[in-house]
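Heads up, there are several structures right after this.
Here come two complexes built around chain A, the first alongside chain B, the second alongside chain C.
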Partner chain A sequence: MSQGPSQHLPTVGKSVPRADGTPKVIGTARYVDDLPAMPGELHGATVRSPVPRGILKSIRFDPNFDWSDITIVTAEDVPLNTVALIAEDQPVLAARHINHAYEPIVLLACADKRRVLLAKNAVSLDIEALPTVLDVHESLKNTHTVWGTDNIQKRYLITKGRADTEDSVSAIDAVLAECEVRVSGSYSSHHQEQLYIEPQGVVAWWDESGVHATGSLQCPFYVHKAFLKTFGEQPSRIHITQAVTGGGFGGKEEYPSIIALHAALLSKKSGKPVRMIYDRKEDIEATTKRHPAFCEIETGCDKDGKLRAIKMRVLMDGGAYLTLTPVVLSRGALHASGAYEWEHARIEALALATNTPPNGAFRGFGAPQTIWAIERHIDKVAAVLGMDPLELKRKNILKLGSVTATGQVLHTSVAGVECLEKARAVSEYDRRRKAYSEKQGRIARGIGAAVFMHGAGFTGSGERYLKGKAAVDLLPGGRLRIRTASTDIGQGTETVFRQIVSDAAQVPLSDVDFAVPCTTHVPDSGPTVASRTVMVVGSIVEAAAREVGDRVRKEQQASGGTFAEAADRLLAREGEVTSLLQYSPPSYIQWDDQHYRGDAYPCFAWACFIAEVEVDRETFEVTVTNFWSATDVGRAINPTQCRGQIEGGALQAIGWALFEELVWDKGIIKNPRMTNYIVPTALDAPPFHTVLVEEPFSFGPGGGAKGIGELPMDGGAPAVAAAVEHALGIPMDDLPLTPERLFARSASGAQT
Partner chain B sequence: MNLTLTINGTVHHVEASPTARLLDVLRGPLGLTGSKEGCGEGECGACTVLLDGDPVNACLVLVGQCEGRSILTVEGLAHGQTLSPLQQAFVGHGGAQCGICTPGMLISAHAYEKSTKSLVTLRESIAGNICRCTGYQRIVDSITQAEHEDRVQTFGTVGS
Partner chain C sequence: MAITDLELHSFVRLPTIADVLQTLADRHAASQKTVVLAGGTDWVVEQEMAPPHKPGAELPMVVDISRLSDLQTIHLNGNLLTIGAAATYLQLRRHPHIGMGDKRAALLARMAQDLGALQIQARGTLGGNLATGSPAADGVAALMAYDASVVLQSVRGERTVPITEFQTGYKKSVRAPDEIITQFQISLPTHYNWYWRKVGTRRAQAISKVALAGVAVVESGQIQRIGLGMASVAPVTAALRNTRSYLCSAPLHKLTGAELDAAVNSDCSPIDDVRSTRQYRAHCARVVVREFARSLGAPV
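For the complex of A and B:
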């Protein structure tokens, strides 16, 4: 039975067990491919382009194949052939122009799963190949225009100090020329596959109430929007539901719209439910990946290490279509100057189109790429100055009152120094740094650090435009139900939201339910992205829960009884007791979208990661032997889950740094399998020593929580590279740090 | 072909082609969708089950090979309505996030608990199970915690 306020024990700050844990450990959690087959259900499959660019001349269906039970969908069957996202450049199915390998062209469905695969082989495509553009440097030259008029998908310019003038290039060059010490370098990072262990999948069907899709997805309202556009149905006739989702990391942010559209098209044509589940190869080949990035940096500082000016150019590879590239590029640009204060800055960022599958959302969203560059660069500056890199970072780190490159004055929740000092102490960085600098044998040891921050929530005025909503309902017996489109894709939303509601309404945790995210039943909370779920949507949920709890208690005070009795009376009288609220961002946020100036984010989460490695000097194999981190989360609502986020993100970054590499040959992926796209196993993972720092953000829920979903992806790679540099004396500026590349770099005599 | 398999302690007769993958028979006709498919080629471990006590990838085993043998899947780990200490630890100590690797991970961890520990380390025993979410630390901690609870239950006190 529900208890009154006096008995409530706070749950925020406690590592309560995972709310969705039990079904997951007994095997009853239903992921999309576990959903029972619907009557008459068909299996869908996709015929894709084998070439990266060309003109589709014809599609040939083998006359010797029995097509009688196969449903066929081509571009002609698509009511409005565009995938609704930022731009409308991407077709649902290619009609004539093919812009990347694996671009979908024909959809097939059949009740017999084996026959649909045979049918796939019976389709042949006549494509006239066109010249391709496969990397950003080529794209920038615009010898072949593959997107818009100049291949440039987006450009941002951030200027500060003397560079904040019309001719910002001359101005920043002049400042740099005056600096005592100038250092320049270029740094690159590569594609990364999200490799969620559950591949993309969806089941779609039509009935008298409209169109339905249930799938593995992060953002049900993205799919809703895509259906609205392509099918032109009424919003109320589109029903998108999230199934239990086996990881996303951004990979299930925008892509599910495409697979859901495909399944729904097949279903519309066949009149039957259609299940589409990608196998691993198709998932790696066709879906989005992390944008590769190339950064050129020139900085100036004083001899004592005081950083003065930065000039930076970022080129990101957007792939064939725009998808979310402008937003990824924005976040990359806004994190490009790192966790440091610069008096003068000019940061130019460009996204360029190539004939490769569109790159898209992946945890960190552009920031890991630019933080890789700036952290490597600061390490280089330290080497030039003969200073310890962490000391140099300590000297220049942003503090309370500092001004970022966009002119944002940091006046709240700043914990860079604290994270740095805590990580430094717990890792015994100074002692190890000294010890490992001694001459070593075949196995060389090293230790290195990365310091960084990550903006939580949408950029600038994003949240103001988005108007995210969430609701809390009162249920019989005094239970509460959370309704939000923020999905739990493994990161623990269900658990943490329950904790927030339990404390805000002062009801036991076991009395709080979490509604299945379905667009028909939950309000649009905005997408599950950008480290915004806890900080932004969590704060709406908190306010709504407080409101509902207060109403029940008011009733209790007026007419007595328990919380449950008062709730039932209220429900009997009013029919429905719900608080549906909309997010209002802190009023201090001022953002100029035109000039990219102002408060880029309401606040930042901070971290310092320290990696210890062993490198075999003969095989150049790198083993991460220890990993320490201190991460400021604002307020740890569930410390165990916070640690899980930090460690999981850090290991993805370690994988990106050391093992993960997509091998391309003329726009084709040569290793689209788990056998040859290598992610870390338990033996590759270091022991993690994770310290949580709590520097509350007063607008965050639970007493000041900030978003931390993406932050841990930002610092792992540069920390590992710094440790490798310490061990071998080889400064690696390009990812990944595979043995082959380390060997090549050492053979080329690049030792410092 | 009619096959006889003992699954989670119960004898089942199932009609299937002997060349069907064990994973498909478990997930299809037997309705045991706890075992997952992450790669279909023996790399991810999401489909791990025990075949006569040994961990195997059900995506690589043909059901014909299982005739008359016994199979343990994630659905067989709980004791009735009570979670095993291992399952409890995964729920309480961050061993499961998205949960898609969890069934296979639990089976490998269960095999490890029953193994001669001097021959294989905990991390080795789960090295065939890829988890993309956790970084493995909470999984290792969950398994260690479960071992500890097991000892407490067996001896009624924390062993010293």
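For the complex of A and C:
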């Protein structure tokens, strides 16, 4: 049987089953805690600070406890006590200064897991408490300096129009003063826990080849970098492997470096392999969460709704250490002016330190917080103007040729209007909006919309610096193997990459393998973040596959035989047939990092989400009864997975809006369990009506795919809030919209 | 600590109720700890949350009662409904006198449908719900609305306690260590109205912020008999005694919302915790009682 190119049936655009589906469903997939125990393996545990800020005076080990089989690691045992990330402010283990509750101080390991837990209770910490800063407003006052000299972890300023040429504050104020209609408001959003199904976990060991860590993680090379710094080992002596990973949502972007360092430190000291698996409580308490944000907005527009100017200040709570906060803040700032065109803009974004566990990467990466604010604000402007909010959005939406707040001219793959009109039509928005505006009974209905875009790939020149790489190898029998550090954490990378390779090399899908991401064997493709996996790494993989496929076919043309026979001849002759390529971003991208001006992203994905709700006006329970969306993904490589991302992301956003709330008491989390940190269940998921729009991006793989991972998290909360506001007639400017909060804001709540 | 890290307990499954009672009595006499396990949906979770056992500490012996068919039977004799303490919520939902068929005790099935989710309903039991002693127990609220009797048994004999007298304080009850709950007895009115409303944030796996179960017999415009049970508004399931007497005190059309609210307020003492607020719970308590009263014809 010959396998000429004519026989290849395209797989891109088809909803082929997930490559990882069967093993996960039948239970043969091995998550890190399923990996068989290694000989002599110990269990690791962490002693953490019970207070949010203080000076560690001493650590006492109960003399009545038998410590003979317990390995103890403290800050003194850490070769270089810093977690390598953007800054070097975070210690691997706190030595003296404690900056947040749950900060790790002592590590323990023992072969008997129960003994290690008992040992934890036998450690007491003598800490002198210091005054704390627990929110951004306090932090901004700088009464207590808890980070740097002024608590400010990062600041960005984006200016456009007059704010760009003159003194930005007085210029924007002058422009606003000239506008016919001015509206101002402030909007806040809260923490969110990723709540991936599988908590964080790692197994680490040392041997003659160096140090090894296998775990539940998104970015093996981040962990590699952290090991390089802390242990000072040769890069080739550090081996980081991704185990099957049960969800990440950003929560396994930077944090795994810490748990892996801890396990490796215990392993180094004990000389034994160490397994460290967090339980849910420890995971919720100690690991990163979404940054809370407080946004103030003032805008000016014409009476007919033409938006003119925006002045906005974003305050994000970075937590105790910098981690990835500058990047989160950047994405937040770059999405702050929404999907609309403004002549004049001044957007100032600040990240502030608090004595809470560091906030970090979470699907959307700062954008959901600022999109929450701008969408709520535009709805408010519409109310002031007496206009339908979706009509106002339609009037001002960015189009082909529009210029964004950073001065980026949108010249390709712009589908905002199309998404808006499609969602509006399928939801019968206009009819419902009108009908639900009539007088309501006990069960009030409402409908609301959010229009938004999300930049795909790294910001500005990020991809140019990063130089992501991926490889495709030829294997005997004409099989191909993808080697990349882009991980499948449940979002479907493996399946989609196989589809891209299958079509690019014109080989059957079943002939494509996906190598386990291990830093020793795969090239550094950059992290699995920023909606970049398919669009950026997918396009490298596509080019590499095409190259390998072409080489085999050339051999086939020259000397005949099947694809497999030609492949074997080529391998016999050359030993190794591999295409290792590096990403080169589209050449048009110009970015000025100094002034935050230029092409912030190579392209944007677009969407319009419309939520319909029912609100019980007595108990304030909210039910999302329908959820419509139209989302431009460029090209849906696997439509079912694409819908999965959109619906799952929207549900995660609905959870953020309606149910999820971390309850804090002086820096301590009161509800670190799944029974009281409430996420939506399958029964809470509304019927989703999902329309895929395909406005190809010419540099994307598979005929124009764009990033889709984060976008769906952006619009769910403002759409739901708009619907609740429509139903109840009470402004919904602050998240979350729990029944208790709605009740407190309502008239009946105000009376009690 | 994770459930998989629990210490190995000795676990027995005995053939008859009598064997279980004898074992409880013997072990109690010897000061040894024993746990009877029905669905395990409360007990296992409690173990997970407990601190690790000290080495050598005495572990309770676990006696599984979930397969004793005598503890699972449900039958209706005239108006007397008897439910075995180890009958599961799913059995209630599927029973021809409860969730199906003539639905004489439909309230129990409706409550069961809102309890946890299907997985919990397949294992959890009313006996476990009551024995755990949580004020948030949905099943206990429903049993209280029916003014059920609790049948307790030990080698010393059998006794029957009104459900309103079973709980004596937060997680405290009249049950002796060698006793088990064997069944619940409910005297069903021939015709009655019932009400169930759980307020709990999400549609499944929600611990009640407030739940109300109600049973009422109305004749010629007046409530002749009323039963109420409310979850999560007091240290124990609330029987709402003042509310009950107010509702029966006058013809329905003479009842007022303000007086009803006052009665509910006097019956509840909700608290602020991580799940909800005192004010919201108190408000919902009034809202659901009014809704029930309204459904019976009261102008509240």
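Note that the second predicted complex is superposed on the first by the 744 of 752 C-alpha atoms of A that agree within 3 Å, B and C clash if a C-alpha of one lies under 4 Å from a C-alpha of the other, contacts with A are read in each partner's own complex, and residues count from 1 in each chain.
We take it that a residue touches a chain if its C-beta (ideal position, glycine included) is under 8 Å from a C-beta of that chain, and two chains touch if they have at least 3 such contacts.
What you see is a predicted model, and the numbers here were worked out from it, not measured in a lab.
Enquirer: Who wins on chain A residues touched, chain B or chain C?
Expert: B
Enquirer: In the superposed arrangement, does A:621 touch chain B (first), chain C (second), both or neither?
Expert: second
Enquirer: Is A:121 touching anything from chain B or chain C once the two structures are fitted on A? First, second, both or neither.
Expert: second
Enquirer: Answer with first, second, both or neither: which of chain B and chain C does A:195 touch in the superposed model?
Expert: first
Enquirer: Could you look at A:651 and tell me whether it touches chain B, chain C, both or neither (first, second, both, neither)?
Expert: After superposition on chain A, A:651 lies in contact with chain B alone.
Enquirer: After the superposition on A, what does A:298 contact: first (chain B), second (chain C), both or neither?
Expert: Neither: A:298 stays clear of chain B and chain C.
Enquirer: Return first, second, both or neither, reflecting whether A:743 touches chain B, chain C, both chains, or no partner chain.
Expert: Second partner only.
Enquirer: Would you mind listing the overlap between the chain B footprint and the chain C footprint on chain A?
Expert: In the superposed arrangement, which is not itself an observed complex, chain A uses residues 279, 675, 681-683 for both chain B and chain C.
Enquirer: Which part of chain C faces chain A closely enough to touch in the complex?
Expert: Per the touch definition, chain C meets chain A at residues 1-2, 5, 7, 51-55, 117, 199, 201-207, 209, 274-277, 279-280, 282-284, 287-288, 291.
Enquirer: In the complex of these two chains, what residues of chain A are touching chain B?
Expert: Result: residues 15, 17-18, 20-31, 33-34, 194-199, 244-249, 279-280, 489-492, 640-641, 643-644, 646-652, 673-675, 679, 681-683, 685, 687-688, 690 of chain A touch chain B.
Enquirer: Would you mind writing out the residues of chain B in touch with chain A in their complex?
Expert: On the chain B side, the touching residues are 27, 32-41, 43-44, 46, 73-75, 77-78, 83, 87, 90-94, 96-103, 106, 123-124, 126-140.
Enquirer: Which residues of chain A touch chain C in the complex?
Expert: 113-115, 117-118, 121, 279, 618-619, 621, 659, 663, 670-671, 675-676, 678, 680-684, 738-740, 743-744, 748-749, 752
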